[in-house]
Amino acid sequence: MFSIDSYAYSNKLRKVHPAEKCAFAMVTLIICLAASSLLTSLAVLLIMSAAVVGYAGIPFRVFAGFMSLPVSFLLVGVLTIAVTVSREPGVYLWGLSFWGFNLGITAAGVAAAVILLFKSLGAVSCLYFLSLTTPMIDIIYVLRKMKVPALFIELMTLIYRFIFVLAETAEKIYTSQSSRLGYAGVNVSFSSLGELASTLFIKSFHRSQMLFQALSSRCYTGGLNVLDNYYEFSIKNMLFIAALDLGIAALSLYSGGGQL
Amino acid sequence: MKEYILEAKGVEFRYPDGTGALNGINIAVEKGKKVAVLGSNGAGKSTLFLHFNGILKPHKGNILFNGQPVCYKHKQLTELRKNVGIVFQDPDTQLFSASVWQEISFGPINLGLPKEQVIQRVNAAMEATGITGLKDRPTHFLSYGQKKRVSIADILSMEPQVIIFDEPTAWLDPKLSLQVMEIFDLLNQQGKTVVLSTHDVDLAYTWADHIIVMEQGQVVGEGPPEVIFLKEDLVCNTGLERPFIVDMYLELKKSGYILSNKPLPRTKEALFALLAAQKTAAV
Amino acid sequence: MKEYILEAKGVEFRYPDGTGALNGINIAVEKGKKVAVLGSNGAGKSTLFLHFNGILKPHKGNILFNGQPVCYKHKQLTELRKNVGIVFQDPDTQLFSASVWQEISFGPINLGLPKEQVIQRVNAAMEATGITGLKDRPTHFLSYGQKKRVSIADILSMEPQVIIFDEPTAWLDPKLSLQVMEIFDLLNQQGKTVVLSTHDVDLAYTWADHIIVMEQGQVVGEGPPEVIFLKEDLVCNTGLERPFIVDMYLELKKSGYILSNKPLPRTKEALFALLAAQKTAAV
Amino acid sequence: MNMMKGYLTAFLAMLGSYFIFPDNAYAMHIMEGFLPVKWSIIWSVITLPFIIVGLWSIQKKVSNSPSLKMLLGLAGAFAFVLSALKLPSVAGSCSHPTGVGLGAILFGPFAMSVLGVIVLLFQALLLAHGGLTTLGANTFSMAVAGPFVSYGIFKLLQKFGTPLWICVFMAAALGDLATYLTTSFQLALAFPSETGGVLASMYKFAAVFAVTQLPLAISEGLLTVLVMNVLTVH
């Protein structure tokens, strides 16, 4: 369920300063979106794949698997955009018409859809670069350095930690229910899931109280203050990132991208 | 010929994170026996149990029930789970219903039994575990020991042929442990095969007919308790301890207080009897 | 004169649902000792521990630290919690951060220490519990035993005078239990008072200097292990068992194999030595 | 005319179900890279005040009861885990509960906005559902529109003395619908039809997602009622 998370802790770029990785992912992502050019999208896709597979050492098969995850949403979205529904007649590459309605695909629609498809894939590869190389604790660190309010950071810390605890509990309850045939039919599945959710909620409530006790016994008085991890910036990395992103930006201008 | 109710043949299984994996397990559980599975945390005991019940499916190898390979289709799985029940380690994650009665009836209702039979089974299960008085209590307010009993009754009400207990005595005080073990003996006397995992070598030594020792997803030793615990290197290498009775027996023998070549005593009482007999003989 | 570091005087406490209440507890924990609190599930052990740390406030009676009654004001509470640390039973309810390093730093930072000192304490605590190698691992990838160690380091980094462990060995296999117990002994040798609750009478008997037996929110017995476990009615009525060593010693004595009037042996080895000495004397 | 719409809907539904079926997991999260930069910024700016007010209101409550922070942390983790469970849907397909209605009823809509944005951020980074540049838009539909509609419906129905289970059902189901319609609207604004503009486009998106979202809304409503029944017992 959380394989992205485990790669984040075990990849070869784990020790690189998280701010460098965040900057690389975000700047490239924004250029890719802003450019809206096929060439830029392909370049971003290529660079990010190389970074993830080549530098971070994530197996290609694994990365390809991750990239295919959001494809269903993407295809539905893109096709919906490509299809035009109208009462006016139009120039369709392919179309149906009945009862005065025209439903079809126009050349402009297809072009827009293809650009959008690759733009999204490029953007998704940036997202994956970040999430496969940077553990959540490091992302929280960057947000803290960016002066995001402490309350927000603390809630993130707690939620991240307890996602794993509760997921384990949920799995145990689910296992125990299915070993007593709790998911053998639709109706029973429904009530089993309802019981799972309520039990999990009650447990979450109890856990929060016990956590409060445990933290209070360590002198908690309202703030979850902890030591920062320590990272070193690398001038070499930063120059490399700047060069890459300038290159992509130049390519975008050259290929005529740039409209929002 | 021995009749095996549960078997694992060359079972391999791997979790994504690598812990608790099984690396080619071969085990045969004899019908009607009391079997204890020993092994350190993460040796793969719980993973093996989830295979016996069809919750996990081996990546390689087979699980056999009553000599038939398990088939992972809806109907056959239901049949398997009806016959092989697992009582999980932590009753807090097993119990999920509002009342004890609802909780115990969950299994039999899912078996599609008629209402009268469900009622009768739930009552029988509550009686066998001594919790009849808790019938209408909400499960959240029970003590740990009571929850443990409810979690056992949960499975009893399905009337399986094999009952598997994952660490049944963890967190129970000695008195409750003893009571729980008595329930197991009773079940065994009724003809059920009882399998349990434990860290308590003293308990395993006294209780089990057959002991299986697991280490890093493999079976590293198997046999009657009197044999297993005399294997010096097996006990040392797997982080087990020798049961106190065995230790004491060997020490007494070394010191010459026990001379007989009788088999190892299985209980404290048997050891004491041996001592007393020796004394009488000496006089 | 004995120096008491923690005392409970006539402490009464009631949870809304009635379980785990305390009914007039009187206890004195001697400085620098190893104390084991025994008692069945729900006897009030955890509730008592939460009082020692000022998390719960008695409805009646007093808690004393170093002879001074605890005052429930912010500053004094912080002082108490700095000196009395509790390691909770389930590490999953104690660990709040995914980063081991940040987790352990929480306590010392709350004490308002300068950063260098916090870093030094965190490192020392990780070393003492043998988890230095886990610094960069997220909490959710740790095994149960590793999480247990982190939860101990959490408290060590605050350098309290008294450390309280709630059921530290439950769910650990014998090898891990032993390692954890070694940490406790080390802490004790450094002058810290160690209090723990357990169900394991054999462990308590061998390890503790002083034993407290609780039952239904009351202290029903207290004293050195050699004395406590010889009180027949106390052991019977509270659902405890006699430790195996004591049982064996009494039996050997009854049978006449041990004649000496030396104090009860505390370890298996001591018992064997006693036997061997007897043997030599006889020859 | 109505019949016409029926046909069109059926066609679009087929299109949707073909790609989404059987596990449409997180169809209501707009994926990374799908929104133009302009709309990413607009939705983030619209959402931000809700987060700020939410944080401010939580902060105020936390100073009175410091254990609330732990409760909200666990509640957020609960919402994340809940959304990863498979919900047997009434139409036979499979979808995932959102817990939006439940959270809004229990913690109020502003707190839910804060928890929602964190949960969505985690879903983007840990599960690749949704995205960073679409976080603002997704937060608005899932953690602002959904909770506020749920909460409003719940309070409104309660005022009229409606039985609790109906209040809960309607709050959860309509909260889900609000999320789904908001997402359709967001996509339509970003990608208006060549002919017919935003409205036609909205109709297109709404029809495509209706296949999975209508049954999901009903399932979620039923599930929330089940959970609330247990919670009110305690």
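A few notes on this one:
Note that the chains take the letters A, B, C and D in the order they are written out, and that residue 1 is the start of every chain.
The criterion applied here is as follows: a contact is a pair of C-beta atoms (placed from the backbone, for glycine too) under 8 Å apart; a residue touches a chain by one contact, two chains touch by 3 or more.
Molecules present, by chain and UniProt name: A = Cobalt ABC transporter, inner membrane subunit CbiQ; B, C = ABC transporter ATP-binding protein.
Note that the structure is a prediction, hence the values are computed from the model and not measured.
Taking each chain's centre as the average of its CA atoms, chain A and chain B sit 44 Å apart.
Distance between chain A and chain D, defined via averaged C-alpha coordinates, is recorded as 18 Å. Per-chain CA centroids place chain B at a distance of 30 Å from chain C.
Within chain C, residues 141 each touch two or more of the remaining chains.
Among the residues of chain D, those in touch with two or more other chains are 230, 234. Shown for chain A are the residues in touch with two or more other chains, namely 5-6, 136, 157-158, 160-161, 165, 195-196, 198-199, 202, 207, 211, 215, 220-221, 224. Shown here, the protein chains touch in an arrangement that is not a line, ring, star or fully connected set. Listed by chain label, the pairs that touch are A-B, A-C, A-D, B-C, B-D.
Of all residues in chain B, only 16-17, 50, 53, 55, 74, 78, 81-82, 85-86, 88, 90, 92-97, 106-107, 110-111, 140, 154-155, 158 touch chain A in the complex they form.
Chain contact summary for the complex, chain D toward chain B: residues 230, 233-234. Chain contact summary for the complex, chain B toward chain D: residues 98, 138, 140.
Residues of chain C that touch chain B in their complex: 17, 19, 39-42, 141, 143-145, 167, 170-176, 199, 201-202, 239-241, 244-245, 247-248, 251-252, 255-257, 268, 272, 275-276, 279.
Within the complex formed with chain B, the chain A residues making contact are 3, 6, 169, 172-173, 175-182, 184, 188, 195-196, 198-199, 202-203.
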